[in-house]
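This report concerns only the one structure given below.
When the chains are written out, they are named A, B and C in that same order, and each has its own residue count from 1.
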Amino acid sequence: MQLVSEGREVSWSEGQSLSRSYYTSASIFELEFRKVVQNQWLLVDHISRIPKPGDFFLFDVGRENVIIIRQSDSEIGAFYNVCRHRGSRVCITREGSVKALTCPYHAWSYRLDGSLRVAPMMREGFEKQAHGLIPLHLRVFEGFLFINMSKSTPSQFETFVDRYRPWLEPAQLDKAKVVIRRNYPTTANWKLVVENFVECYHCGPAHATYSFVHDRLKLRALGAGMRSGSDNDIKKYGPILRAWEKTAIACGYPVGNFADGPDSESLQGGGRAPIGGERKTETSKGEPAAPLLGSFKEYDGGRTVAHFNPFSCLFVNNDFAVSVRFTPRSEAATDVEAIWLVREDAVEGHDYDPEELSFVWDTTLREDCVLAENNQLGVNSCVYEPGPHSYLEGRISDFIAWYLRKL
Amino acid sequence: MQLVSEGREVSWSEGQSLSRSYYTSASIFELEFRKVVQNQWLLVDHISRIPKPGDFFLFDVGRENVIIIRQSDSEIGAFYNVCRHRGSRVCITREGSVKALTCPYHAWSYRLDGSLRVAPMMREGFEKQAHGLIPLHLRVFEGFLFINMSKSTPSQFETFVDRYRPWLEPAQLDKAKVVIRRNYPTTANWKLVVENFVECYHCGPAHATYSFVHDRLKLRALGAGMRSGSDNDIKKYGPILRAWEKTAIACGYPVGNFADGPDSESLQGGGRAPIGGERKTETSKGEPAAPLLGSFKEYDGGRTVAHFNPFSCLFVNNDFAVSVRFTPRSEAATDVEAIWLVREDAVEGHDYDPEELSFVWDTTLREDCVLAENNQLGVNSCVYEPGPHSYLEGRISDFIAWYLRKL
Amino acid sequence: MQLVSEGREVSWSEGQSLSRSYYTSASIFELEFRKVVQNQWLLVDHISRIPKPGDFFLFDVGRENVIIIRQSDSEIGAFYNVCRHRGSRVCITREGSVKALTCPYHAWSYRLDGSLRVAPMMREGFEKQAHGLIPLHLRVFEGFLFINMSKSTPSQFETFVDRYRPWLEPAQLDKAKVVIRRNYPTTANWKLVVENFVECYHCGPAHATYSFVHDRLKLRALGAGMRSGSDNDIKKYGPILRAWEKTAIACGYPVGNFADGPDSESLQGGGRAPIGGERKTETSKGEPAAPLLGSFKEYDGGRTVAHFNPFSCLFVNNDFAVSVRFTPRSEAATDVEAIWLVREDAVEGHDYDPEELSFVWDTTLREDCVLAENNQLGVNSCVYEPGPHSYLEGRISDFIAWYLRKL
């Protein structure tokens, strides 16, 4: 595969990662931000963070800062945090609740829908309606907020989420609440962070907790979803998966797995599989950590996975859910944030223990942060050359082919 | 208005600020430093900081470090802090008193006038007289030190200051002393800092203290000097100003206001106006904070303003003065320093209280620092576009037109 | 001397230092790293740091990180710290002891000789023998480890060290041990650090301790080795040197001094001279600080110097040795590290006092760090121009001519 970047022709062969400049160059970052990041639906947070009109929070992506704000009981908006007057940030605090978005500099005041309400002492001919805050596309799915920075019409949101409806409906996550939020700022290029997340080849050596909790054969067969394991391991794991699927179907829960190829719009993947052994949920001992979510009536020990695109992933157990997002900030920095959700009526201390709930993924994400940073340090070397991938890293080639096509 | 910068044509329309790259580009900073900053007389400090021969202090401007040193009772010099031997900094401490300027590396020693006195063990043919410290232009006006980094003959200093003589003479600031010094290092482009200082549109929303102390109508009419307010507000404020001017004239104090247009050499402005209400001086309650300055015999409640150029400003009340300077350091950093002056014979604790003296401007400059930094953060966004100015921001257009002409 | 760099022609005259961009430009740093640094034998450390097979430590040079590891009783290897799989750092801890070099990411495991031993689940056709760690050249001389990053055949190591054998043999430093290690990270270009080290013009003004310990006339005559002083001072110092040489010869110790010119491969220099006065060794009072090294039987008060190249230097007294290395990291940063060595059987507290041992050079290197950083600050100025060198700085011209020829 050949493409021209910065006047140089860059080549990539399937079965290996990219060459050094892709992980280090500021100009490639600028380019890929426009071509790859900006046109994707990016999972940002959960609706429970801003329950009342006027509630807002700020979100950083690339060099941009975005205001996410609830406008009414039914509407939520997203705006660039840039005053239309002289460009000041309009919101200074990271989150809060406001009646209007009033710029602290000259008090230009915007309604919750972004339209300009007050701009004192402007000259004749000034048109308020032409100076509202600049919006981004925002949509909500199962309680999750997604933004899209596309300057033209973004890809269909319905197409983006519809396939996940049957998988996510039982958990009713729009009626869940976030009870834990953890940040893992990572000094590494976002593509190294994503490559880490789409293969489970490293799970054995680098994630003792995760490997202890999950069935080892499953991790090899579909540890990072379909297309991430070898045909041989998938074949071996088949009987175990099919046996569990019978239980799940008996409960009325969805089963199956899927993964898009590199020609797809968002490189999606997902499905359901058992955690492993007799485990009911993804905790250290496999014992429930919170009340059953949504319409779940019993534990089938399954976990639903939704890779919406390379920038976000959602894991849903019978009793709690975790979403993880990877937000590119610069060629050398990626924000990683995870949120843990339980039923909105669950009571801390009584119904759930935050430490138990977050143990597996918090441990795993801390480990991933260190792995990605050490990967970046080595890739910076002048002797780095992409080496060959193993059987368990096929999904990286999918990701790179998808990325290069977008670029 | 069109100009070509970095090979791109950049356009600007009166009534709005500049486009993004002017506030973010390192190469534009290099260019403007040579074309705009380097040829201006820059207010640096007050003579009372270095009363005795050998007293010196260091001053940073752009990427340069400058030694300001008293050579004799009547002379003060300015030199680049660079040894002519191998380029070491000659002065390491930020201020002090010396008999000679001796480089700590190889002990090349310069007289207070910058000439090389000792350079041991040099080869035959070495000419001491060709290796003195490299001087900058330095002039003193009413006790204030101004430098000019021009490599050729700088603009006439007399022309630069003469018009301020009648306004400043009564205060006799050459016989004042600095009693407070405060720094407000600001992570913002210097032009955003200057734009903030040449409009009082933000005074209402952002400066509660300043707006409480000053007549609100005055702030709208000439809050940032002449040409900064609307014709309408100036008309409304006329009767108040004229009534006060009678009092000032009766005291024998100067009155009037002026402001240069963008075709001028230094975009100067200045004049006198009452603080407002019954206030005698610019303190929280309007009560005197120090003994009357110079030849002032009574309080007329007026304040003299001198905008020497966009890089400095001086405010003189009947009892104390404040000067503020804005020093460009890089495309993203500006040093802001204010000094407060009182009669040289005033005694702290007895004649003046530093906290009361500095309260209004210290509060205001802290607020301005935050405003400029939030302005920069928003201007960094890819969606930033300069918006239209209000009636109260006319002076920004003067500044930008002046700047672009110089560039 | 003319050369073309970054499309501009740069000129240099003997008897002065380089122009500004050589000390500030990132692109010149990249160029000189390839042309000057990468092909030199760089002193890294002493063999006593890794006594047992599997013992290793990491070494940073430029943007690279290198693993130095003992493979067996008789062999030591050096490898880039970059996994051949996806480029992760293989060693994360700065030093330690291992059975194999196992990458923490996917557990690719390398033998101590760098060859790949285990790479699980690789596809058919994968060749382990083609995926060993990438080695650097490493050689040992008198217990000191030298690496060479040359991509082709490096210059003959034997030629590089052979001339030092007679000078260093009596001290038997291969049987010494490191007892103190100090780092002096310096925010200055490496060439300013080297220039500081090849002249003793600054010793008088800037190194009070060093000047107190050493004969002042010697410092002028050959303070930074042969070719660093004036003919006149060398003549004056001649009788003192010759008188001491008789003593040294009577002891059976080597005498003499030498220095390469700029056309040489490594700009080497060295020799022996007395410390000065009645001093037996290089301590504050001249009294012994440790048991006699190697085959030394008595104190002759002499000190052996070995400038292997501009990047390292070794000083050997009768009782202890110090080596200093200068490692370029970026155009604005240089690592300086010194190690102090005594007989391997010496006992701390009983035979030697670390503070006394390190006092002279630790003091001197701390001072040099400050000098080089202040030199860099001044050289950054737009008015910096290289000034003329004194009689005592002739060795700087040798260094610059050598450097420019290599470039």
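The definition used in the following text is that a contact is a pair of C-beta atoms (placed from the backbone, for glycine too) under 8 Å apart; a residue touches a chain by one contact, two chains touch by 3 or more.
All of these numbers come straight from a predicted model, not from anything done at the bench.
Chain contact topology: the protein chains form a complete graph, every chain touching every other one.
For the touching copies chain B and chain C, the fraction of interface residue numbers used by both falls below half; the interface is of the different-residue type.
Taking each chain's centre as the average of its CA atoms, chain B and chain C sit 49 Å apart. Counting only residues that touch two or more partner chains, chain A has none. Contacts from chain C toward chain B in the complex involve residues 15, 17, 195, 201-202, 204-206, 220, 230, 371, 374-375, 377-392. On the chain A side of its complex with chain B, the touching residues are 63-65, 80-90, 92, 102, 104-107, 119-123, 126, 131, 134.
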